[in-house]
């Protein structure tokens, strides 16, 4: 039972409690404590890296303690290649966000630090949770601090944006609760024990219709978070009204919960539903790419433009996930990281501009390059990263997704009708590359280039040391993600392969006919040891052991198991 | 066998120079910046030359120098049957040797020129930083051993051209020109990226060396019967048209003149724009697949672009814009060379063109430098006496580009014209609709090549005409500018004139490397150098035909120069003005570049803006947000308001509420179940009719009555069975009466159904 | 026939509470009071009457600690009886029953009353209605609740309901200075009396058709009842009577006015304790008396009580939430929310009928969680709403409280999150636990989905209060001089409630096992 | 034991009394009249109880009747106290005036 995960998750919460006790006036002290706790969490999270050597496919540093014994709810944390880098992205971004909000957040600093640290606990916990109930608790816990951050420190229409953000997400998460409960009851019917464990849910085989309904609930909850095309209208409001720190966290981490949820829960648990609904979601994600880019082109507010660009980028990620082959899924996860860095950095830049001019409308700016050359350099790097220039973080993810999409017909882990026209999907997705350049460079020119007529822009001072210290790590990560992706792909690849093999195994095992059964349990024989009026398990019952993962015979072709 | 050689030094040196200049340039001062910039390029040039020397002397002719900069993969993903391994490898073979030498040496000359040209520009260090960055990216493009590495260089040069075109970002039009260049390049890159992914999805590898061995799979038809290789080739060609400014995507090059002249010389004449030709040559295996439709498209577009650009160049007034259209036209020539299978000729013209076109631009730079930035040739004239060196070097360049005998232009252009004439395409084994097989064969073998040749010939004629028109208008006749301009006219400083002279020498000498065999039996040294790497042209021409073609080419050039002399010597003559008046519509058409810019604006840019606006205001802000999201919220709150006003405070109304509530529940639980049970389901097998009561679990404790023939007599009374069957004796239609009753309350409901018995 | 002393020991909590009530009454009678005329209270509304007795300030300070002591003792007795109640004992000739279910629910009522009582003096002193009978009535009403919860006979059910209600009527009207309080009391009394008449008539009918009023006997006679219509009508009247007490739609109309009119601590007491006891009675009646394996149609039949409660539950949830959406007054908003929560609890009762015993523990857990949350919330409303003159009830006046009273505002946010069903709180786990039981029978899937949609709608109006507290800037400046009298006791009450809510949310294990153990007699 | 139908008339009387009481509470605007109507309803229930007790020759019903009389008395006392409280505040006992709290 290694303690590293629990420590990383709950250190920020500890920090939050400490901040609560500090007096309200000690602004400097509060900011210091906030930053140091965030940095400490980042150092501890680096410890998680220790177990990974590029071959580990399963979950590491697992912690599995009973939480509510009567109901089979367990405090079960674990990290694998997929969630590793998302956690590190979170812990890496928090110190940057804390540092960047020193000047932005002037009043109620104590409440802000507490909200941010609680939010960090929620985020880290969510990525590590392997018990669906625990995941749902963290999934909801994140909502409240974000609601406060948008609501208290936001812009003019912050109330509307905050309420809309909470209600929109609540619709999804409540449906998710019903679906999780339904699975929970079905696991009990199939095995007789009450359990929320991810392993049991993965081995649970449902009938075709049940899978479809549960997948619809899961997918809706996560597609709202992504946000996928028709469900995205909360994002621009939330981004525009949130303070800089809020926007960065929202864009870099909270959006990833949608796609992470799809990859971790929605896809592996309901393979047949994925085969059926996959084409629709892929079409929506394509629409999202093109729609997001076009609407971004029509924006006058920089933050709204970047928000819609997130819709486009996340469309690529969802498309990658649905192609069901290791390249596309690797690309999707990589794009999540890259989008986190590039969009987060863009929001930081907008924050720098907002602090100087207290406006985000493009026509207010123009020709700032001469005034603020160093800032211009950083802004250019992040704009080009967002456009997907090779050598910067945007390209690797897009290239892998496009390569995966194009070759989906031959290499997918499930024969989905969609892959017949995978070439067309790849072509449409690639248009995102062009449209991306159109609106990003148009914005860059309107803000940085051209003559500097506006008198207010005359005497803007360049980046301060603090702002420099905020943007430099982001720039370093943008280059690292672009130039040396092996550090990240090395750990993602085995985890993705394992997930997809499990997906294929469950897909080929066929759907249950009437009542649910576990994978590996043949249709007619129910597990004997399940008397009808079953008393709940006592303490001694070891959690349902997941059958040893056989070295998966990789699908036809040369694919050597890692 | 591939020998290993530290090739990574070549791109790394300029990149280091760029980093030093960009980060520390402000504090280093102009001298140091220039030193770092030119020094790094010079070092790269020396290493490159050494590498080419090693390649030439040791190793097999078809071998290459290989350098795996990183041992581990750059991008990799394995496990689903088609593993992707992209490594950051560099390769130097005979083809890239030519490119590397051209890029580094001409790049060096332009760097030296630029130190003079950009002397008193505040962004000095930034300019040289970008220029070095460009050199690094271009060298990565040229030395890349697989398509992704080339693509990295490809996009790198695109960004650098964006930065350099928009270098003087203070004016909006420069920034817009830069953005236009980048976006058009991006459209090209879209094609290149798709081609790359399609190629990978079919053969699993992207290394140039390995593509050849997978030709078998690439010949399989992918779509509509055409082989996959054709589609990949066409997609890559889309990328090349974007980068090398061919017909559909050429609109960005003329606007790119907004950048400083050395940039135009380096990027938009010598190096970047030729990348397209290089990539087509590098992936020639894809283009040589059986139905050579891809090559026909390349040749066709090349020829069309050559003629279109040449004709537009005739009427332009701006000095650099004329040279820009000349570049587009010459690139057309190169693509025809590559398209018709005469790869060596294409690359040869690329090399020679680099010399005189760079020279032309530098000449233009020194003229504009002297004229204080004025670019309109109608305001110049008679500069010959004031700028002697520029004038005579310009004279040599014009001779070279026009294709006069001893100079480079003649040999390379002639090789391409010969290649075009001798080309033989094979389209398909069966006819197309109305055309029979023979006719198609005849067309692709004879008519089409000849058509291309004639287009090229016309383009050559126009080339000679507009270059010499430029020369005569600028350097002869009397000065038409303002007084103080005339007063300032002075020859450029040595660091600008020396590169001019070197390039002039190059324009003369470069041609001798590729003297056609017919003139001097082993004169075609350049062709021999490239032979092992690139396939030879389709077939040889007889000597007489070659001589004939050379003669025709030479005549065309001479005619072009003569007519330019007649019309424009000593300034724009009266005859030229009258001709412009008579052919007014044609003149306007050419002057406005066939209105292609306006066409694109109407077809692409404006609709894009309108759909963006529509999607934002109508679909997003109104439909999804207002109607779908806030609509629900409004509806629920209205419902809430209604419910609240139910409660008006009077106690007695509450009591009435209690009674109504109890009565309601009584009604629901007593009368509803029988009503649901009465809705029976009827199933009929021949003469047997079965009746099944509805209502599911809520029909516990009900009794049923049924009258099969509705004769008023209940056949079955008060049975508890919810499924009743009856065997009808005779045929005919009967009306069934079914009643469900709740004995406790006496509530009941009846349904009747008509049934036909055969 | 001898009188069994054992019975007395087994109903120790009931007896202690009654005795305590009487003791307090006596103490109140002997403490000093001063008669004053109308002129003394200038601020009174014109139509109030001439003169009445006003207790001297500070003469009643010892009453609250005494009450809490008595309640603690009662709680101790409950815990003391817990092991003995493992198997049910019938007391007083099978009028009452001692079983863990009854004990647990009475424990919940006592805890809720204790927290409410802790917070009461600050409010009462502020509104100058300091009088002793408040605590006496509290205890007597509590005694009624304990009887109701452990009733084994319809008659003791009736008596329990009556004792509880009478105490509640008077408490509601105890704020003599405010016209609203007397109006609320009048409405509450009138409807209460009307419905207890219906209850009695129901008992009479059931007695008529089954020949007995004992729940166990009634269940035995279900198969051969003398005449079905009479029995079913009687059952409906019984259900109507209890539905009125838990404020389920359509019997809910009294709740908003009464909860708004009554003094805030009383409202807290009514929302938490009265509702819990009423549900205890309903469960006793439905599970104890009206469910038997041999005659399923009484419970799950078309006219069975499961169907009736299904309809009531759906209506209560929907109307309760919808009405609360546009509510401006905080007490009325929480009143409508309590109607909605009655709907959620009814889902549990329906699940008891359909799924059987599996739904009992979640229902008890939800009752505990809800009671503690609501009593805490009302304590905070009492603390924050104490303005100099008018109580601060409209939500606009709550603007900016997050700044001025951070601790109270944080507690209120926690309670609202628990009511809304957000994860780390008791409310969330309660709802999850309840839906887990309900979902085991597919026929309840629709009801659970309706509950989910309703809790989504409820999130909106709970967050409206949080938005007002934290995001809006306060309009008028707080009168500096006036520091609310809410000292230690009220803060302790709020803290206790908050800790319980959070504790139940984060470590629900122990509460779930206790609820599992609370078996129902028979 | 006599069949239940024998007592129909008494039961009917009980039901009618109950109905009259209910209508009285709802229709009459004066609080006191409402109180009296409630008492009427309680007595109707008592009557029904006694009739059923007689029908089954079982004393339980009559014992309950006694209890209800006590309960009715307690209710009347509390009810009147509240009516007095309302009167002191409002000078009137009309139920229609008690509409200060609504919506």
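For reference, chains read A, B, C and D in written order, and residue numbers begin at 1 within each chain.
FYI, contacts are C-beta pairs under 8 Å (C-beta built on N, C-alpha and C of every residue); 3 or more make two chains touch, one makes a residue touch a chain.
All values reported here derive from a predicted model rather than from experimental measurement.
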Check your understanding: Hey, which chain is the most central one here, using CA centres?
Key -> A
Point to revise | Pair joined by the larger number of C-beta contacts - A-B, B-D | key: A-B
Check your understanding: If you average the CA atoms of chain A and of chain B, how many Å lie between those two points?
Key -> 32
Exercise for review: Express in whole angstrom the distance between the two chain centres, defined as the mean CA positions of chain B and chain D.
Suggested key: 91
Exercise for review: Starting from the mean Cα coordinates of chain B and chain C, work out the distance between those two points in Å.
Suggested key: 73
**Study point:** Inter-chain centre distance, chain A versus chain C - centres from mean C-alpha coordinates, in Å
**Key:** 43
Practice item. For chain D, jot down the residues that touch at least 2 other chains. Key: 22, 25, 95, 98, 100-102
Practice item. Would you pick out the residues of chain A that each touch at least 2 other chains? Key: 167
Exercise for review: Any chance you could list the residues of chain B touching two or more other chains?
Suggested key: 644, 647, 649, 651, 655
Check your understanding: Which chains are in touch, pair by pair?
Key -> A-B, A-C, B-C, B-D, C-D
Check your understanding: Mind pulling up the chain C residues that touch chain A in the complex?
Key -> 403, 417, 422-424, 428-429, 432-433, 435-436, 439-440, 448-449, 452-453, 455-456, 459-460, 463, 467, 470-472, 508-509, 512-513, 516
Point to revise | List of chain A residues in touch with chain B within their complex | key: 164, 167-168, 230, 233-234, 291, 294-295, 297-299, 325-327, 330-331, 367, 369-370, 377, 384, 389-391, 395-396, 399-400, 402-407, 409-413, 423, 426-427, 430-431, 433-434, 437-438, 441-442, 445, 448-451, 484-486, 489, 493-494, 496-497, 500, 554-562
Revision key, fill the gap. Per the touch rule above, chain C residues touching chain B in the complex are 186-187, 190-191, 194-195, 198, 228-229, 232, 236-237, 240, 244, 249-251, 253-254, 256-257, 296-297, 300-304, 307-308, 311-312, 319, 321-327, 443, 457
Practice item. Please name which positions on chain D make contact with chain B in the complex. Key: 22, 25-27, 29, 95-96, 98-103
Check your understanding: Given the complex with chain D, which residues does chain C contribute to the contact?
Key -> 45, 47-49, 155, 158-159, 162, 166, 169-170, 173, 176, 179-180, 182-187, 189-190, 193-194, 196-198, 200-201, 203-205, 207-208, 211-213, 226-227, 256-257, 260-261
